[in-house]
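Next come two complexes, and both contain subunit A; in the first it sits with subunit B, in the second with subunit C.
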Partner chain A sequence: MATPTQWCFPLLKVNSLRYRLNRNSARVRVCALALLLPWASGCLDQSSTRVDDQGARVSSYDWGLPDSIPLPRVPEDNPMTEEKFQLGRHLFYDARLSANGTISCSSCHQQDKAFTDGKVHALGASGQPHPRNSQALVNVAWNNILTWGNPSLGTIEKQIMVPLYGDDPIEHGLNEANHEQVLRSLQAEPVYPPLFAEAFPDQDDPLYSDQAWDNIVKALASFVRGLVSFDSDYDRGELSASALRGEKLFNSERLECFHCHAGYNFTDATVDRLTSVNQLQFHNTGLYNIDGLGAYPEPNTGRHEVTGNPAHMGQFRAQNLRNVALTAPYNHDGSVATLEEVIRNYAAGGRVLTSPPNAGDGRMNPYKDGFITSFEISDQEIQDVIAFLESLTDRNFITNPRFSNPWTQDSEQD
Partner chain B sequence: MGKQGIAYVTVTGLALALAGCGGSSSSSSTDTESDSATITTAEITLPFKAMVGSETVACGKSYQGLGTASSEVTFADFRMFVHNIRLVTDQGEEIALTLDAGQPGQNADVALLDFRDKADVDDNGVILDICQSGDDANPNFKNSITGTVALDAGVSVSDIRFTIGVPFELNHQSQSAAEEPLRNPGLASGMTWNWQNGYKFMAADVLPTGGITRPENPDWSGMRWNIHLGSTGCEVSTSDLEQGTAPETCAAPNRLDVSLPLDGLALDNLAIAIDYAALVSTVNLAQDGGGSPGCMSFAGDPECEKIFNNLALPFGDQDNAGGNPNAVVFSVVEG
Partner chain C sequence: MNRLYLLLALVVSANCHAHYIPTDDGLVVNASLAATWSSSSVVDEYDYWQIPGTLMGGHAWPREEGVQIDELTLGLGYRFQERAFAVVELGSHAADEDHENEIELQHAYLGYVCCDTTGPWVIEIGQMTAAFSPGLAEHSADRMVSDAPLINDVFFGRDFHDKGIRLWWHETAGFSAGAELWRGDAFPATASGDNAWDLFGRYQWQTGGLSGSFGGWIYRSSASSRADHRYGGSHQHTPVAPPGTTASVFPDVRFTGDTDVYGVHGELGYRMAPDWRLGVKTEVMWAEIDGLVHDASSRQASVQGDQWGGWVQPYMGWQEHTFGVRGDWLSTDNQLVGAAAPVLAVDSGLANEKGHDPERVTVFWHWQWHPSLALRTEVIQDNTLPDEDLRWLFGVVWKDQLSPGSGSSGGHPH
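Showing the complex of A and B:
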């Protein structure tokens, strides 16, 4: 056991983070927040003088993060462990977790494509196309919004129930008439009993008890939460001359990219253990305007689909741009093929579609975000911005055996 | 029991014993010697009847003449969550029914009525299908709610009230760890509404013969005309994300409070009927105007205007107070 002094020693690093926050006048809120955070309790118990470090760097799980990145928030009832991560990894790659044994999480979330699938629309277990483009799974642990446009899902655990059990569209296709069979097929796999036992050591029978499905969801969430990518050329400071020019353009007031694609994850939908003000942000980027009144084609109306608020029409989450060069096609519906087209749409201040079925002038969308105006940009500058975005590609992330399919012999890891 | 409501006369000690007796198929009370006792705790089993006009809802059976296009349908789903059951005295006092948490399909807070009578169950007891195939009894079938109620002696009950839905504080919690009947996978499978982060309060889904079309889109066709009632617009708020993960409010809660006069029927001789024919009497079951087929409670869903009016639930800027007097969806009938 560590002594209190040793226990708190790593927290000294936190002070630099805290002081940075102090310069932003966030100290009062940060200190108040600390009282709410369970991660702080270890030091609260042992040292009453360190109440405002928030445990931002404290975890028994090795997140493998650079020092500059604060830890993500993790639900109190599902703390990260390596054992849950490994169980979740097996489940993530297991097609038995679907109605007919055809779909695993990895069907639409493939490691070599930063856990997306390269398709415009993926097909679910019953062959139904998904109206949205498959999400990349990159640093999801830091997202405060977990899908393209749904403001009601607060945790990965809740989000996972959507692909598993959703019926509109059907993805994995689990339902009341097949979940028992699916669980039995998992119970019949000899790899699982020890993995479940290690992941849930406090339970007598974690694969057979009525907690089995809750355990499956928690393990899957732990694996997804552990998909961490902070090892790109950009992170190492190895940018080409073109990428450096692109970075300046990205952060310029001319292009305005950085407002929504903000911070270390290049999205304003980011929350971590140091976040003192956390606000859900969605943006209409003028992709559609099919009725001249701002409408996006159903069912992809974004935040509006959940809230029904007309002002939320076409609002989607700003995507994390890490590994974005690997995740084509782009936008919520996969309707934009390349990064160059994405940039040209923004340069135009929206997208103009001249042919049916979704013709309309997105530039004139009344719900368009204020930062989507328009800007002049040369062909060379577009290539420079793309070079910068490509510098966010993390080759180690897409080849890391930790994240690979554990069921195939050629991906032995650890 | 008289036709003018129900009067309980009882002994307190006996009444407490009654609360735990269970298994009764109708209301029960004690009426014995003493004149000093004032309250009885009676166990009540409240039957619900899913009807199509005068016919009982059954799986595999066809029903004709429904909606504005006189459609023929079979049922794919018919379930609803009920909570907050109250008896109302002739003095206007509400007396809560305490749900018996030991009964299948209900806990202390909420019950899940499941009107699908048939299922396909294999030799190991594994459910392969519910309602759309199979001739076995659906093991989750449930058409009554059991609880206890404490009534003053001599009180007359004139009305019954209940709320269709899941209480807000339970509607946005972890479904995989929830207590039955809210657990998914479990009894709530198929009743969850994950993209809105909650449960379907009521699901009444039919398969119209000949399918469903969209007048403005000849390429579209559908099989299943759904009514899914549930809370919409449930955004996680800023404070939730700092402290937890559940939505703080929903723009449209859509919990349906139903209040029905007993019309003189005794508590042990009545049932609550829900009439699907009345519910869909003003819509065309062969067509869909957009969104998901049928009414999914979403603010822009065209079919919901009429369905919500028939339920007397507010929808968008319609307050629908009083509902549609020609569509009697809920009623108290003889048990």
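Showing the complex of A and C:
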């Protein structure tokens, strides 16, 4: 703590001025200058900056985050609790939560693949393929939009209704006709009543009341929201020489990757407690141009599917790149097999398909994002960028018992 | 103590030379060059000069080790009619290694003098230096010391050139008073904000060997998404530093809101004998900041700041030599509120965890070796940053009237 005299007008401190040529030379005292300024006897108020974050770093739930990561936003009607997280974990891995008992959330979202499935297209409970590639569930809590191209799905709770009840395509296959039967199968499982009771202590009968499905959705959302990954080599600053070169390329003016894959989650579709405006960003990366006018193949036209706006053709959300090395194949339809192929598409300024059914020059797509311009890149540089992307892999995340299947014997049973 | 500074400012006054009205000598051409060698830099390479507790910007570049061109100007004044005149000045100011000294149009204005019975009144319009603060209008070649006052750097980004219109009552019985309306290009305003304006008044007198002047002013401005254009405000990338050197991207935090600054200034001079003179100059400013700081991630926090500071320069002259000391100080009191306040406080530069009080003391010897050539030596104890620095400066100042020839009174300084 400074003494009062240390805060006095600087000329009083001239007596102790130290002359340092080139910072290291001899020290000489300069005296008597204060005598020139008899009025310089007072003291200034000490400068200060007060900061009030209005409780933005306060949460009763232990997110296990590094200090540098802000807390995510959580819906007021579904605050995070450990009990809901654990209930959601059981539901996430429970195939009874589908029309015919064949599909659970984990069917398409597998922990060892950063909660994606490694397939081009997943199959739903009825065997119908999904037109989109399964998304990784990594730090979903920070996503401002939850799907590849739907700007209206802003919360995990809303999004979960799509795979559960959606009919085009059918995923879990729930509907008006079967959802009571599915609920009864869950009620019959002896593990659930205490889990529901702990997760929703304010309700008398959370598994049997009219709120049961609402509770299921909230619990699932809590588990998905709690899938947190910030423990990669990158986070620990343990990058190889190649990965360091790749990081510089990633952030370079030449490649421009970082514009869309920005911030701590490497996506511009990020929102947290510190952000005040929810900016929805979608990008056309020149993957298709099947009619020469910019069209993407149906039904995967991205944001355009929802808005109908021609300018939104082929626009999709920039993906979170954490654990991206585990989530092949890539792009919204899984049509790109490897990270190298992804980079080469960007280097070309778009993808050229010469054979049907989707032949076209994506480089000429009129709706292409302005950052998708061609660039020169060597084979070694591609490997460096891949090394950087691989450094974003969080091994603890894909092996953490906390996120694993609770119905197996070797899982963590809290 | 604050009242003491205020009193001091009211009893002494300053003069200025950067703005002038050409007399009827036809075309007048002035030129100046100030170059300085410094024993050290204010900040290391790949670091940014950000004084804790402040929002900096404009042209407030830090002093760098070695030789630096502080200023280079070429000015033309022409009285093309009995009452009308034009002034054009090209100039450059010191920048840093990555921002070379750029020649810019600092003055390009037309003026008209009228109303001798009640004035004269002068109206000027165009690109001009502000007249409200004599210290702010001074160039390096006009000062005894090479560096601009700390308050000029912090509150006005070192210098002030803007497009505007000025109407003033000009030196009538020692009084001058006027108003200026600005487009808002000059820090701390932005052109996208409301117009900036100021009011000023001053009085100067001479009695025997005693001369003096004092004045006061009010400046009000607004800014919309104002960047620190020294390092940010455009496309941002991590600087490429050599191995082993840490370099980080400059946080591009913007300010939207109002900045009102009030100031008093003065100078008191006494000629004791033909070869001896004493004097003191000062200026004190108060700044009120009220607005938001925000960034590209849609994070924002409200900010309110009360900052004040000043400089005092007592000096003693003997023949062509002037010895003196200038003390600069700054006191800041800021409050940020909002979820992102802690992050934005750091990124904007407003954070001041240790309560640092920026101070700087300059001891100088100025030798007017030739009417147009001066040499100056300075020792600066610089506590503007928490890491103190002491450096030596040696400079040369050349200032001359090229046409109609040295010694002619081609302009009328204010």
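Definition applied: the second predicted complex is superposed on the first by the 358 of 414 C-alpha atoms of A that agree within 3 Å, B and C clash if a C-alpha of one lies under 4 Å from a C-alpha of the other, contacts with A are read in each partner's own complex, and residues count from 1 in each chain.
Here is the rule we use: contacts are C-beta pairs under 8 Å (C-beta built on N, C-alpha and C of every residue); 3 or more make two chains touch, one makes a residue touch a chain.
Computed from a predicted structure; not experimentally measured.
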| item | value |
| --- | --- |
| Touched partner set for A:N278, first subunit B, second subunit C, both or neither | both |
| Subunit B versus subunit C as contact partner of A:T408, first or second or both or neither | neither |
| Partner chain(s) touched by A:P70 [first = subunit B, second = subunit C, both, neither] | second |
| Contacts of A:Q380 with subunit B and subunit C, given as first, second, both or neither | neither |
| Contacts of A:T354 with subunit B and subunit C, given as first, second, both or neither | neither |
| First, second, both or neither for A:K248, with subunit B first and subunit C second | second |
| Touching partner for A:G154 - first (subunit B), second (subunit C), both, neither | first |
| Residues on subunit A lying within both footprints (that of subunit B and that of subunit C) | 33, 36, 271, 277-279 |
| In the complex with subunit A, residue positions of subunit B that touch it | 120, 126-130, 174-177, 183-186, 189-190, 192, 194-198, 232-236, 238, 240-247, 251-252, 290-292, 298-300 |
| Residues of subunit A defined as touching subunit B within the complex | 33, 36, 75, 77, 144, 150-155, 157-158, 161-162, 165-168, 174-181, 183-184, 210-211, 213-214, 216-217, 271, 277-280, 298-299, 305-309 |
| Subunit A contact footprint on subunit C (complex, rising order) | 1, 4, 8, 39-40, 52-53, 235, 237-238, 240, 294, 297-300, 312, 314, 325, 327-343, 345, 350-353, 355-361, 363, 379, 381, 383, 389-390, 392 |
| Residue ranges of subunit A in contact with subunit C within the complex | 2, 7, 9-11, 13-14, 17-23, 30, 33, 36-37, 39-40, 42-54, 56-57, 70, 248, 251-253, 263, 270-271, 273-279 |
